[in-house]
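So that we are looking at the same thing, I have put the structure below in C-alpha cells.
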C-alpha cells in the first residue's frame, strides 16, 4: 500500500498541475514577462557595452586601443587629416579593454546593439560611422 | 536468439548533448552496452591563446570557457594571477566578487535544471529558469555592461564599483527568487514521473566518483562533503555562514537536489553579503585593476608606468565553481605574457564518469544522468 | 607532517628536491620511479588527482601532478622532468581513473607519451592532426582542415578545397 | 417556418445525410432537384453529391480544427510559460498555422538516397487518411453524424490501429537508426495501449449493449435525481481514468510521446521527412488529438448530450448539441495540453510496465466488476 | 559634462546604412544577379503567388536546433519568456534539419566542426537561410589567431545575415531576424540564389 501511495497516487503531478494553472491564470505575482522587442524595448543600462563611439575632438589617434585589443579588432586609419580607430565589429569581443585603456577617455561603448547586416564587409565600422561630437549631443 | 548490436551515434549536433558532444553508443536493443565519448568539436585552443595574450587580455577569454557561469572563471584566473604577483585586494572588492560568484551560481543551476527538464521532455521548467536568469542578467548588465561575458573581475579588484540602484534591485531579486524556487520544487521535485526517471539512475559509488575526478555539486550528490569554499577558504567565505549541501543517494535525483539546495544556500549567502557590504575602493590601486595594462609600445608606456608583469613562478589556484573544482595553473617567466596557462575544468573531469555511470542503462537514462552532471562544452573542450 | 617530506623519507633515492609551490608541498621526483611513488601516494590517501599539466620549456618537459586528499584535506604536488627529445612517462590510469583523459589531453596538446595507457589517442584534436599545439615550436602558420570521410570520421589535410566555398 | 415545424415535432435523424435531405425537402428544393436527376436516370448522382458535400464539410472542419489546435497548443504553452506565443502574423498570431502550412507546401521534398522511395512516399498518406476516417462515426451533435455505423466503436479502434503500421513503414523506409527506433517504440506503445483502451471501452458496451456511437450517446441522455447527468464517467470512474491515460498514450503526447521524443531520437520516425510529407504527419498528430478527445467525450462525458437539452426548440438542438460537443472536446484537449506543460516524459520500459502490468489488469478488473454488478442488477 | 560621467546609451551615431534590404541589394549591384537567377528558374512568372509564399516563409521560420557555443545560450534566451521569439512563429526548433528553414550558426565553428556544419546545411530542405551569429561565426572573433578555429562560417556556407556581438543580446538577435524577414519579403530565396556571393 505504501508503494502504491508513493508511486501511483500522482499527488506530485496534481501539485505540478496546480502550479502550472496558477501561471496560466497569472495568480500571485506570475505575470507575462515578455518585452515585445521591435515595439517595446528593454532598458539598456548605462554600462552596456555595445557599438563603439569615438569622441571626435578628444581622440588623439595614439593607438593604445589598438594594442590593448586582445584580438586585433581595432585599426588606426586616416580620416579627414587625423587618425582615428576603425573597429571591425564582426570580430569584436565587446570586452571593453579599449575603453579602459584610452588615455583621453575618447573611446566609448554605446547602448547600440542593432548591428545586424547583410555583408561581412559592412561590419567594419570606419571613423565615419564611429565618430561623435560631444558638444553637438548636449 | 541471435541478436545484433546496434551502433548509435549521438551527436555532435543532437538536442540533448548540450552543445557539440558525441556519444558513440553500442546498443543491445534499448540497453547501452558501451558508451564512448568523442569530444573536441569545440576545441578553440584557449590555452595556446593564453600564451599569446597579456595577462589582462586573457581575462575575456576566461569568460568564454564556461559561458553559463563566467564570473567564477574570471575569478579563478584572477585569483591565480593575484597569488602569483602577491596583490592585495580591498575588502569591498572581495565582497563584490563573492556577490557575483553566488549570483552566477544561481544562474548556472537555473540553466542546468531547466535544460535537464527539457531533456526529460518537460518544456516549462526551462522557460521559468530562464525567466529568473534574465532578471539576474539584468543585474549583471547593470554591474558590468554585459550579459554573459563580463570581463569584470581584474587583478587587484573589480572593474567598477557597484552602480547606483543596484542593491535595491538585488534585494528584489532575492525576495522574488525565494518563492520561485518553491514553484520549481512543486513542479518537479515531487513529480512522480520525474522521480521514476531520476531515482536509482546513474548510480556511482563515492569511491568511483572520486577516482573519476568528479567535483562540485555532482560529487556532493555522492555523499562526499567536499566544498573548496569550506576546505581551502578563499576570498571572504570564512566570514560568511553557509553549509555545503550534501546528499547521500549517489543517483541522479541526489545530484539534482544538491543543486536546488545550493540555490537556497546561495541566496542565504547573498543576503549576508548585502548586509555586510563594506565601504571602500573596488580596486587596490587607482588604475591598477581596471586599466588593461597591456604590452603597449614604449612611446606610450610613460602614460602607463607599469605594464602588468608578475614575477617568475608557478601557481595552481582553484575555486569552487558552480560545476566543480575550477583551477588555473599559471606559469610566469617574468614577461608580460604568461608562459603557460593550464585550465583544470570541472566539466572535463566530471564527464569521465559518464561511461561507467550509464553502462546497462538506456538512452533516456543516459540523457538524465548526463543532464545532472551539468556539462558545458566550452569548458570541456576549451 | 608535510607529505612531500614524507615521500622524501620513504624514497630518498628518487626524490630530487622538495619545496613549496604557493603553499602546496611539492616534490620533484625522477621519472623512473613515478609508478612506485604514485602507489604510495594513493596509499597515503591522496584519492583525488586534480590535474596533470605538461609544460614545454624548450630544453625539457615538465609534468606536474596535483593531488588532493579528501580524508586529510592535504595537497601534494609532484613534478617530473622529462627529456625534450623523447618525452615518455608511465601512465597513472590504473590508480586514478580521471588520469585516462587527463593523460590523453596532455598527449594530444603537449605530445608527451604515456607508457601503459590503454587508449592513448588524441582527444580534443582529430586523429591525424600534425603537431602538438602547446609545444613552443608548433607551427601556427599552417592551416589544417578537417573533412569528413565515408563513415563520418575526420580526415585532416592542409587542403581545404573540399570544404571552403571559394 | 423551418424552425416552427421543428419546434413542434421531436425529430431526430440517424445521420447527417437524412438531415440534409430533410432540410432540402423542407425548403422545397429536394423534389425539383431530384426530379431533374430522375429524368436523366441518374438519381444516385444526387446521393453522391450530397455525400461529397458532407465529406467536404468534414474535411474543411477537420483542417480548420487542426490549424486551430496548433495555434491553441502554442498559446497554451505560452500562457503557462509567462509569455505571449505567436503575435505578429495576423491578430494574436491567428494566421500562424496557415502560414506554416503554406510554407511547408512550398518547401523542397527530400527523399533520402538510401530510402525506399515508394514506401517512404506512401507512409504519410497511410497515417493521414485514417486520421480523417476516424471522424466518420463521431457524433458531433444530434443528427450530425456522417454515418452511424452499428460497429462504430470497433471501427474506431480498428482504424486507429492502422497508424502504427504506417509509422513502422515510415521509420523503416527512412533508413535511419533514429527513425527505426522511434517507429519501433511507437508501434510497441500503440499496441500495448490499444488493449486497455479497448477493454475499458468494452465496459461501456456492457451498459449500452451496442457498439454504435449514437446509441452510446443516447444512453447517456437524461439525469439522475434531476441534476446529475447520466454520464458514464460516474458509473465508470476507473474506466474513465484508464481510457484517458491510454488515449493520451494513443495520441502520442507528453508524457508518452515516444514517437517523437525529440531529446532522445531527434525527431523520431519522421526525422527524414520534409515539406508536405512532414506536414501530413504533423496534421495527423493533431487530427488524432481531436478525434481521440472526441471519443473520450462520446464514451464517458455524454457526447453532445447535456441535461435539459430537450427543453430547447428542436430546430436548435443539432446546433446547440454541436456546440456542447465541441466545448467538452476542447476541455479534454486543453487537459492534454496542460498535462504536457507540466510533466516530463516517462521512459519506454516504464511505459510498458504501466501498460501491461498495471493498466491491463485494472481494466480487466474493471470489466469483471462491471459485468458482475450488471448481472447482479445494481445498475 | 565630465567625459567620464557621460551616459553612453544617449550617444546617437548616425548610421549610413541603407534603410531596407532592397536598397542594400541595389547598392551592391546584386539585384540583377538575383533576377537573373530567378528568371532561370522561371519563378518570376507568378509574382503574386511568390509574394504569398514569401510572406508564409518569413512568417514561419523554423530554426534547426544546433547550438555550437556561447551564443547558443543566448539563442535559448531569445526563445525564452522575456524575449519570446515565438511571437514571430519561430519557437518550433526542429531537431531534424530536414524540417527546418533557418540555421543559426551560433558559436565558434572549429575546424573539426566545420564539415559537420556544412553537412547540416546541406541536409536542410530548400528554401533555407543562414544567420551567422556572434563574432566567432562571423570572422573567427576572439579565436581568430587560434589554430583550430575556422575564420568565419561564410567560408564554408553562404550566410544571409550577420549579427555581431559576443554574444549578441537577444534583442540584437531579434533585430537580425527582422532583417532576414525584410530580405525574404523582398527577395524570397536565400543566399544560395546569388545574394552575397
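Every chain is named by a letter (A, B, C, D and E) in the order it is written, and numbering of its residues begins at 1.
Note that a residue touches a chain if its C-beta (ideal position, glycine included) is under 8 Å from a C-beta of that chain, and two chains touch if they have at least 3 such contacts.
These figures come from a predicted structure and were not determined experimentally.
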Path length in steps (a step moves to a chain that is touched) from chain B to chain C: 1
From chain A, the most remote chain by mean C-alpha position: D
Greatest separation from chain C - chain, by CA centre: D
Geometric centre distance via CA averages, chain D-chain A, whole Å: 49
Rounded Å distance, chain A centre to chain C centre (Cα mean): 39
Chain centre separation (chain C, chain D; CA means) in Å: 63
CA centroid of chain A to CA centroid of chain E, Å: 18
Shared interface positions of chain A, touching two or more other chains: 8, 13, 16, 19-20, 32-34, 36, 44-48, 70, 93-95, 109
Numbers and ranges of chain E residues touching at least 2 other chains: 80-82, 84, 87, 95, 112, 116, 142-143, 145, 147-148, 154, 166, 169
For chain D, residues that touch 2 or more chains besides their own: 80-84, 87, 262, 266, 341-343
Chain pairs in mutual contact under the definition given at the outset: A-B, A-D, A-E, B-C, B-D, B-E, C-E, D-E
Residues of chain A that touch chain E when the two form their complex: 32-38, 41-42, 44-48, 51, 53, 55, 58, 70-72, 88-95, 105-106, 108-120, 122-123, 128-130, 132, 134, 137-138
Chain E partner contacts - residues on chain D that touch it in the complex: 74, 78, 81-89, 93, 95-96, 98-103, 106-110, 262, 266-267, 270-275, 278
Complex contacts: residues of chain E adjacent to chain D: 52-53, 55-57, 59-60, 80-82, 84, 86-89, 91, 94-96, 98-99, 101, 125-127
Chain A residues within the chain D interface of the complex: 8, 13, 16-17, 19-21, 23-24, 30-34, 36
Residues of chain B touching chain E in the complex: 12-15, 19-20, 40-46, 48-49, 52, 60-61, 64, 67-68, 111, 126-128, 130-131, 133-134, 137, 147-149, 377-378
